[in-house]
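Please go over the structures that come below.
Consider the two complexes below, in which subunit A is the common component and subunit B and subunit C are the respective partners.
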Partner chain A sequence: MDLLLKIWRQKNKTEKGGVQNYRIKNIEPDMSFLEMLDVLNQQLINEGDDPIAFDHDCREGICGSCSLVINGAPHGPDKGTTTCQLHMRKFKSGDTIYIEPFRSSSFPVIKDLVVDRSAFDRIQQAGGYVSINTSGNTVDANATPIPKPDADEAFKSAACIGCGACVAACKNSSAMLFVGAKVSQYAHLPQGKVERNERVINMVDQMDKEGFGSCTNTGACEAHCPKDISLDNIVRLNQEYLKSKIL
Partner chain B sequence: MQSSIVKKVLMALSGIFLMFFLLQHLTINLTSLIPDDGKTFNAISHFMGYNPIVQFILQPILIFGVCFHFIMGFILEYQNRKARNKKYIYHKTNSSWISKNMIITGLVILAFLALHFYDFWIPEMEYKYINYEVSDPTKYFHELKEKFYGATYRTAIYCISFILLGMHLNHGLSSSFQSIGVTKSRDKLLRAVAYIYSFGISLGFIAIAIFHYFTH
Partner chain C sequence: MKPNDKKFPIPSKVPDGDIQNKWKKHKGTIKLVSPANKRNIDIIVVGTGLAGASASATLAELGYNVKAFCFQDSPRRAHSIAAQGGINAAKNYQGDGDSNYRLFYDTIKGGDYRSREANVYRLAEVSANIIDQCVAQGVPFARDYGGLLDNRSFGGVLVSRTFYAKGQTGQQLLLGAYSALNRQINRGKVKMYSRHEMMELVVVENKARGIITRNLVNGEIERHGAHAVVIASGGYGNVFYLSTNAMGSNVTANWKIYKKGAFFANPCFTQIHPTCIPVSGEHQSKLTLMSESLRNDGRIWVPKHKKDVEKIRKKELKPTEIAEQDRDYYLERRYPAFGNLVPRDVASRAAKERCDAGYGVNQTGQAVYLDFTSAIYRYGKEKAISTGQDTKNNELIKKLGKEVIRAKYGNLFQMYEKIVDENPYETPMQIFPAVHYTMGGVWVDYNLMTAIPGCFAVGEANFSDHGANRLGASALMQGLADGYFVLPYTIGDYLADDIKTGQIDTNTKDFEEAENKVREFISNILSNDSGNSVDYYHKKLGKIMWNKCGMSRNEKDLKRAIEEIKNLRKDFYKNVFVPGKPNNYNEELAKAGRVADFLELGELFAIDALERQESCGGHFREEHQTPEGEALRNDNEYTFVSCWEFQGKDKKPLLHKEELIFDSIELKSRSYK
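And now, the complex of A and B:
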């Protein structure tokens, strides 16, 4: 496959970036998208150019490190798939592919396609955890009976890998799908009940402090989520927040 | 009030309140289509215009609700635009045009409201509270006819505004239920109710404007 890549290049946080064109040849359809970028980077290194910076880690669709907006869609054209699990067979030889970083005021570009997503870490630190007694009397989580429907719902929300595609897809850069998933995964479980009220209030407060926009229910986050996290999580976030504030 | 969720909930609640008002407004206006020379329409309009509870309690609440909805809408739009500092060069989205452009349909409704107030509400306030004219329980139907009969531009502006109002209501209704934590905006039943309500309001007002444009 021969492709024309239009890639966002930006030296650092402060410098103004722009799109640069790269032609790449002989790409195998069975390569992953990131492998294709590896090939391009090797080509750039061989030519003495600066390779393109992009985030990646597990390359198995579970760590949430990879990002990229490919042809206008976070994680590319394949539904329910992360960038690292996207394969070049989804494109045709001769295609032009636009590759941009996730865009949000709360996700500043560090270099090229790498953005700073530490805002999500700070939201998690504000309440996305359960406190466990680790003094030697820890109760095995499996010893606590949990109804199957609740466990399933909690698991669906816990599938969120915190990649930030919801923020990248939303026209308001809203993080409510992410925060909703993190609040929901504990709201369904008995272990999450103790800190339930503080959790949602603290996480939403931190989300607002980080400067994310508010949800206008366009549904773009759900449509582009690589883990198919449902809008139901935003409904539950609103419920949890209102209950915590009123009751 | 600082929380984004509280702002959204207040936006949704004020929107739901205005939706009830619109339904009531349409029901009253539909009586102008009854072939009784406007007797029913005049009677209801006169009651609404001179009932002290409607005039001095419900009307100020309504005006507050309208102002609150617009101001909160602008605040949220400003914050949301600030949150996305840079646009994509190439952007593809699955979201509907309506859901992404509530501010545009909202601004059209705001402009329409200014015209509507200029046409009906300001003359009515002048008549009652500035000139202290004697109440005339038969004037409302006549005034309505006078405004629309043969008035092509006014009727066209009203009809276009009603279409955009319908679009705004369609997303607004389903969205408000998600914001208050009832059910997600894509819920099938909620979508059906939103379509029936928004089409009903839009087509109802359009039918009234067109009817009075053609009949004398």
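And now, the complex of A and C:
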């Protein structure tokens, strides 16, 4: 298939960026979206141009490196799918595709489509853990049975890959879904309950410090989350936050 | 090449005594560093996967100052995250006769008797602790309805000892290690450097004292000093270009230390994983694994008759239309005891055998079926009985069965459907072997120290535990064992002599020389204004490796591979075109450095495969096989670790042999029949 690509190019953090047009031919439907960009980059290199920078690594939908806003949607048109797992069979020959970086003032552009998501790391550093030493001198793993429904709920929240699509999808650039997922995971597990109050306060404080916006319940984050992390996590985050303030 | 008969130059430091007591005794007698002194000691860790993140967290917790480096934008993105199936531990929660000894035995046998006995026993010994540790950290493992941990079974074993979190076990374990790392970053005990690539090791007076890195965002070349350097940068499967590794996975850190004196051990021991999604076209950038856990429930087959194969390739026949008696469940036929759960190397070779014989089921002839129909019916029936529903209603049973399969493997089935555009609940998956893991790696002693004093290697980066073939769910176990429970203690034995050294000064000649070398490489590689792209060379190298050093190897092809790689390398330095500048974000430049190292490693890989004139585990030499086509080991001549020492550019590396001594296990030919 033949395509017209309109891609955001930006030299670095400080310089102004803009959209440039690229025509690309003979794309096969079985290729992934990123493989299509690989082909374009080889074309650019062969012409002596600077290839388009984009983040990617595992290319199997789990590392959370890949991003891109494709035709206005973070990770593109396929629900519950990362950009690396999006295939060209979802497009047709003659299509025009707009490709932009994840946009948020908390995710500054590094180059072209690559953004700096280290704010997410800093939120996790503020409290996204159980304060337990790694010496292995803990109790036997089966000493505390955990009801299957709780374990399953914790797992669902823990499936977040930290890609930042929730922030890119939100008109307020809110990171509530991301933070809510981590807070919920631990809130569902007995191991996480000891520090639940400080955890939620520290993580939310850091989230605010990083400049992420507030949640106004539009649900765009859930709609664009490649791992289908549910809005319930935001409900849980609010509950945990309120409780920690009251108690 | 004539084997080097000299005595092995470095002691392996394996303690004396019974295998059960070696680790206990060693831990009780090695030197310690006092808490007050740990505060004055700096440690560099390169890589933040399971081994690197767990090591960084634990070292920091013990009191050392840690600097951790990763090339990804966050430590959480390391490729351990993609491990699917599970992690082994000798917990014996299922009461099926598991024990430390059995896990040890299975791992040694699975590795085809080419790993170091004492290291493997230690791994089995600490395995149970890993599960306790991870549960305490809030890792959401799968549980049964009573709230206790669930297990499943993996290839090459007869017990259920694999703990899992759906098909995302690696993700959950890595996020656990990442959370422990974050806690230490927050305490100020770990300084994290993301988007940094290690470009060189700095050795001062024969001790590892630091590294040179390139900041991948602004291109700055930086010097970092420390009292010890830990390499946790993973495996080198990407030397094949197409593999299940992440795009950025590379051998660079390992290769730099090899060129500074560390030994590279068993480079030809590579794992080709049997269940991956087949290659679809020339533009393919990576291969995707379908977890081995699927072989718990999936049955592997090809048609029995060639006429059916032809019709399938022409799409005149669907696999579901082939009758049971016309299918060849070749693993069940050849290996009745283990059936579909034979080890990976055996399953991969058996798939290749059928495809080479002309029974491959896709257009390229390079695919076999993995079929869940039996499991769907079996589970559906169980569910119907336990819920009191009609057990004669086939449609209902199918529906119930699919629900069970979805709960177990849902994310894998979804991933398959996205890539292949076929529904695996309705039609069997097509799979084919692909490069997945490298058992070979940097040689380390029992303390996990390389041949360079002060330089350590953990996780997939080292060679020690998996021999010639790794069993499923053992990589996660080894990464976390090394990082949480072994290295943080053994490193003290070395650092105890370093407490008076004081901070490492990076304004010295050794640092300057190492930095200059990096700068020189960068300016050389950027000098062409046109030419072939980095990927062009990487793909070419991958084809040589896959065709001549892949699932089966022979003398003629290996010799040709060595020549072809040499020529390709020459061509690379002459004609590679890397666009852009050195002082900003430049992925092509980063890739060029990695591919340059792969182009050297590939040659050593082939040399090693040529030298080892036996078949063992993943290393199959066509000249050495039984009449039935099984691997034929040569214990009399090859019960050793091949350790290669760098001798200088374009010079033949020197082979040292570490003899493998098996005191607690009898060497037998490996049978899964």
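Definition applied: the second predicted complex is superposed on the first by the 240 of 247 C-alpha atoms of A that agree within 3 Å, B and C clash if a C-alpha of one lies under 4 Å from a C-alpha of the other, contacts with A are read in each partner's own complex, and residues count from 1 in each chain.
One rule holds in what follows: a contact is a pair of C-beta atoms (placed from the backbone, for glycine too) under 8 Å apart; a residue touches a chain by one contact, two chains touch by 3 or more.
Here the structure is a predicted model, which means the values were calculated and not measured.
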item: Partner chain(s) touched by A:Gln125 [first = subunit B, second = subunit C, both, neither]; value: second
item: Touched partner set for A:Ala53, first subunit B, second subunit C, both or neither; value: second
item: Contacts of A:Tyr241 with subunit B and subunit C, given as first, second, both or neither; value: first
item: Subunit B versus subunit C as contact partner of A:Ser214, first or second or both or neither; value: first
item: Greater residue coverage of subunit A in the superposed arrangement, subunit B or subunit C; value: C
item: Touched partner set for A:Glu15, first subunit B, second subunit C, both or neither; value: neither
item: Partner chain in contact with A:Asn172 - subunit B first, subunit C second, else both or neither; value: first
item: Partner chain in contact with A:Asp228 - subunit B first, subunit C second, else both or neither; value: neither
item: Which of subunit B and subunit C A:Glu100 touches, first, second, both or neither; value: first
item: Subunit B/subunit C common contact set on subunit A; value: none
item: Sites on subunit A touched by subunit C in the complex; value: 11-12, 28, 30-32, 34-35, 38-39, 42, 45-46, 48-51, 53, 55-65, 78, 80-81, 85, 87, 89, 110-111, 114, 116-118, 120-121, 124-136, 138-142, 144-148, 151, 154-155, 158-159, 161-162, 185-186, 189, 191-192
item: Subunit B contact footprint on subunit A (complex, rising order); value: 6, 8, 19, 69, 71-73, 98, 100, 103-106, 169-174, 204-205, 207-208, 211-220, 223-224, 230-232, 234-239, 241-242, 245
item: Touching residues (chain side subunit B, partner subunit A) in the complex; value: 2-9, 76, 79-96, 99-100, 102, 171, 174-175, 178-186
item: Subunit A contact footprint on subunit C (complex, rising order); value: 54, 57-58, 61, 72-79, 81-82, 91, 93, 126, 129-138, 140-149, 165-166, 168, 170-172, 175, 178-180, 182-183, 185-186, 192, 194, 217, 244, 246-248, 280-281, 283-286, 288-289, 414-415, 418-419, 421, 484-485, 529-530, 533, 535, 577, 579-580, 584-585, 587-588
